[in-house]
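Next up: some structures, all given as structure tokens.
Two complexes come next, and they have one chain in common, subunit A, joined by subunit B in the first and subunit C in the second.
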Partner chain A sequence: MKNNIGHEIDQKLLDRMNFGLYGRDKDPRTAEKGKVHDSKMVASIEEAIKRSGLRDGMTISFHHHFRDGDQVLNQVMEVIAKLGIKNLKLAPSSLTAVHAPLVEHIKNGVVTSIESSGCRGTLADEISHGLMDTPVVFRSHGGRASAIADGRLHIDVAFLGATVSDEYGNASGTCLDESVENAAECGSLGYAKVDAQYADKVVIITNNIVAYPNAAGGIPGNQVDYVVKVDSIGDPAKISAGATRFTKNPRDLMIAEKAAQVIINSGYFKDGMSLQTGTGGASLAVTRFLTDAMLEQGVKARFALGGITGQMVKLHEMGLIDTLLDVQDFDVEAASSLRRNPNHHEIDGNTYASPFDRTAAINQLDVVILSALEIDTSFNVNVLVGSDGIIRGAIGGHPDTAAGAALTVIVSPLIRGRIPCVVDKVSTLCTDGALCDVLVTDAGVAVNPRRPEVAEALTKAGIRVTPIEQLKADAEAVVGKPDDLPFGEKVVALVTAPDGTVIDVVREICDND
Partner chain B sequence: MELLKTGAAGTMESGDIYVEVDKGAGGVEIELQSTVASLYGRRIKEVISEVLKEQGVSSARITANDKGALDCTIRARVATALLRASEQGDSGWWKK
Partner chain C sequence: MHMKQRLRRTMMFIPGNNPGMMRDAHIYGSDSLMFDLEDSVSMPEKDAARMLVYNALKTIDYGTTEIVVRINPLDTPYGKADIEAMVCAGAHVLRMPKTETAQDVRDCEAYIAEMEKKHGIPVGTTLMMAAIEGALGVINAYDIATASDRLIGIALGAEDFCANMKCQRTTTGAELQLARQTLVLAARAAGIDALDTVYSDVNNEEQLVYEATLVRDLGFDGKSVINPRQIGPVHKVFAPAAKDIEKARRIVAALKEAEARGSGVISLNGKMIDKPVVIRAQRVLELARVSGIISEED
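Presenting the complex of A and B:
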């Protein structure tokens, strides 16, 4: 054999090394010189579904970066239902109150099982009353990302909403092109990046196609199979509705201020620290009360992690937080900062919180502030099931960050209305009490007995530490002892820990007379 | 205490209870709606019954819409509704 310039290349050598010869054995997949190849655009969601090969029994996924403003999941599910596809497993990164139409798809057999971080509204209510035969599987954000990566959660087709995409599927939650109107920015596509990386087929759904290259980050086109343009994908104004609203509630602010004092005096408030704030009014507001102390004491944070807020961005722009590691954005200000600020970085769900990766960002975390629906006297936390026994929340990154952070601060009012939040035993176990170090309520601060050095530091700083049993008794003295919830036998959901083991089950709730 | 007309007290605000009482058809009849029914429904009815007993009411129909009121609030609203229904005015019962 001779090559193009007459050099002898032995066929036996090619066979032995398992190579073909340039020219003679040209790989037919190779792109043609100078030709702009076909785009990945398809005309409609219906066409994308058909081309993806979606059929009965498969697993589909979505992301929840538009939170309460999401319009992608309902649009796609409507088309899937119309096409007569049944028995699907739905595995979105989370579900919110806007996803109530799923109830009909479940009743009609289109969706027969669900894996999610959480669930709210009508759908959650129906599930709690026994809507589904197969229990819903709840995973933390790190738990889901790692389950997708190692194949325990295999996604056949991912339908991922994006603010903008080019026709090759380079898709992002931010928009660099100023000529684009109606850019519905959700910011980081951190959870969706995992779906794009591991799903068999990836469909990008966007309302804005921009010229190649869309270099705004997010999802790289080489992970994408089809791109669909639709009229609308989401309402960014509703990203910060629900669990991530900016609180004006004076009690939340009081708790946040106290939590800030706890952090400042905990021993972890040092130059070069790192922090994260979870969803919930009080938790998100803590950042505001840290600012003055950071300025006074010359403390700068090395990074802030997780769900990024406008408050975090403000500190970043003041030079008080060096780097923002952003897996999702909790408001529009944070979403636009990702485009604007060079040290505001989009990270994927595994980089954020994989339980099996010792270099995941959570393990670098000094302080995390997290909410709770209930916390018990062993510091166990429920963030999933409401006081009425109905699912109304999400595991989110709660157990991931509680496990990773050096100091985990739980913020909660002592009572909500007549509902006690500090109880003997949580109705549903989401985060192991061994991982939760301090509880800050409007009626006092409690420290986990596992952390005597933290209690000592706080006491020395003049912060009164109350035994958690006392807080529980104080709550009960005001509201009285509640009756046990009327749970039935049927298991409606599995609650999993980040490593994928079952930490609790949720049973169906029976209505009282 | 005899109930002469319909008496009402309270609001539909969070943390309050709205109570309406009238004589009813003999015996005590309590119709309760509550945002915390599964946890405190039994206790709320117990508190209402206690107040009826204290006020010497043996025939009453009570309709209550609770938004998570505490026991002390429930007692005050029920007693006030009863006093209004019996046209007794302020008997000073709350000083005891």
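Presenting the complex of A and C:
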């Protein structure tokens, strides 16, 4: 037997080794030489949905890298509703206040269950009042990424917004093509990378098609099935909004300065350290107050992780942070740094925070600074449900990083409005108090009794450490003890720990008449 | 009894109708807090603000922070009610606005004393300070500063002063030069504190530091602030320099040595040290201590 170039190859050998013969058994998928291949472009969101095979009962996903500026989810859901598809599970990386139109889709049976990191605004309000029959499942970022990777959360179709893409689905949150005007840069597509990797079908939605190759990183085209060009995907001005604002609030700044002092004197502030700052004005502002001490003491950080901010970028560009490991960007400065700075790296949700992967970046983390809506005297933290019993936040990477970091610092005002933030028992448990080491408030610093060596280091440095019970008493002395919230029986949400086990439930809130 | 003499580097203004700010205004570390019932409260809110400040002072523990309340002038329908409520609330100091003459101080003091008697509070408990906010007040500064034993200090109110003087606020402070120097002179002659006016652009730290440095050099004890973010920079200006602290330490050590010897004559490096030098040195160490530069044991 000869192949078509005339070399002798024994058919019996081919049969035994289970190979075909070149020329005769050509794989029909093989691209033809010299031919310009069909792109993955489809004409509309509707066509992409139809081609993806989406049907009743499936699971769809989105990412929240555009935060309050996101326009992708609402556009896609409108078309899905118009096509009459029902009973979907919606599994975005998170939901923000702009996703209020989902309320109608839920009422009309288009969406019947939700898995997300968080939820805000009208939708959250409705969910808290019992909108859905199936409880919402809240997962941390690391928890979601690992659930997708091992199939506990199977995604049928992922609709992923991108700042730019080429026709073949090489899609990114940054734009290297200078001819593109008004690129809505969100920076890292870290959470979306997991969806692209594991979803059965992947649709990229962008308003900018650039020439091949879009080599800006993000999602590789070989994970993408369809590309749709739309008029607009998001408002870049709103990427830095809400939870990730740059604060001027003196209370936030004071807490941030204290938190910086705590870190500097904690024993973890040394050359080669690593750090992460979570969302919230005070948390993000901590970086500003670390700069002087880093310069004075010759401390450089090996890496900064997680949601990257303009402040982190500034330290990186000053040479004070070697590497930025970026799963999402909190402002436009950080987003643009991703394309500008060679040691600013985009990482996916599993590389960031998989609870089952010992190489995940969180496990290399020395210090994390995290916010809290409520913290109790056992250091348990609630970041999800407000003092009115209504869902108004996101678990995000809170329990992931608290578990991974050597030192977890929680920052919170002692009182918000008339509501004490240090309480006997949090209404909703999101992060186990055993993982939270220090609480920094505007009225004092408390250290978890599990970490006596940290308390000792702080005291030695002249930082007054107050028992957390005392802080709770101080708060109650000013605003009193709030009444218990009027929760009903119906469970509206499950709060899961990073490993996927249920750590708490959220119950329906009943309005007081 | 509240201390008449104490550190007053910063006095932070809190509008008397803002419970969110009143709740824990002391945590930012200003030496004094001044709850305002006067200019920052509109006419229809005067009674509500008085009630609010009264209840705040009765409820909230402001720790060691000095509590000042700026009352409405006695010749308004609110002045007397303000005094009665704040005397009962236990305000440390009542700040009289727009003080023009020594008689203004005496009138106010008389009514404070009347209210203290009425409510069974030892007469003299409530201290006073006078804000000077016009040309006449500056001319009468010494008389004002010596009009009552209750006075802890006099303060300059620059905005009203400039309106009265028909001049503009400038970045150099030239328009306030005479008023500032007159006030500090009167305060020193009377043995009370001199406190400078506010700087109202909270985002301009550079100019705030310029003004604070200027008044520190003139001899002022402190400056009024309107935002917690202004406290740190002003305290930094008033913190003594390392070489001054070192010198003060040697002087105070010499004093202790003289006391140990039972001698009234203090000498350092063979030179005799006068009492005023010792007092200045003690003040420098006190400032260094509260500024966190030296520890409590020093």
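In this section, the second predicted complex is superposed on the first by the 509 of 513 C-alpha atoms of A that agree within 3 Å, B and C clash if a C-alpha of one lies under 4 Å from a C-alpha of the other, contacts with A are read in each partner's own complex, and residues count from 1 in each chain.
Definition applied: a contact is a pair of C-beta atoms (placed from the backbone, for glycine too) under 8 Å apart; a residue touches a chain by one contact, two chains touch by 3 or more.
The structure displayed is predicted, hence computed values, not measured ones.
So in the superposed three-chain picture, is A:Leu485 touching just subunit B, just subunit C, both, or none of them (first/second/both/neither)?
After superposing on A, A:Leu485 lies in contact with subunit B but is clear of subunit C.
Tell me the contact category for A:Thr401 with respect to subunit B and subunit C: first, second, both or neither.
In the superposition, A:Thr401 touches no partner, neither subunit B nor subunit C.
A:Ala477 contacts which: subunit B (first), subunit C (second), both, neither?
Only subunit C; A:Ala477 stays clear of subunit B.
Looking at A:Asp442 after the superposition, I want to know if it touches subunit B, subunit C, both of them or none. Which is it: first, second, both, neither?
second
Quick one: classify A:Gly417 as touching subunit B (first), subunit C (second), both or neither.
both
Should A:Gly389 be classified as contacting the first partner (subunit B), the second (subunit C), both, or neither?
It touches subunit B, and subunit C stays clear.
Look at A:Leu253 in the shared chain and tell me whether it touches subunit B only, subunit C only, both, or neither; answer first, second, both or neither.
Touch status of A:Leu253: second partner only.
Go through subunit A and flag every residue that touches subunit B in one model and subunit C in the other.
The answer is residues 417, 478-479 of subunit A.
Touching residues of subunit A toward subunit B in the complex: what are they?
By the definition above, subunit A touches subunit B via 387-389, 417-419, 478-480, 482-483, 485-486, 509, 512.
Within the complex, which stretch of subunit C touches subunit A?
For this pair, the touching residues of subunit C are 20, 23-24, 27-28, 59-61, 227-229, 295.
Under the stated contact criterion, what part of subunit B meets subunit A in this complex?
So the residues of subunit B touching subunit A come out as 14-15, 35-43, 67-71.
Provide the residue numbers of subunit A that touch subunit C in the complex, in ascending order.
Residues 248, 250-251, 253-254, 414-415, 417, 442-443, 462, 477-479.
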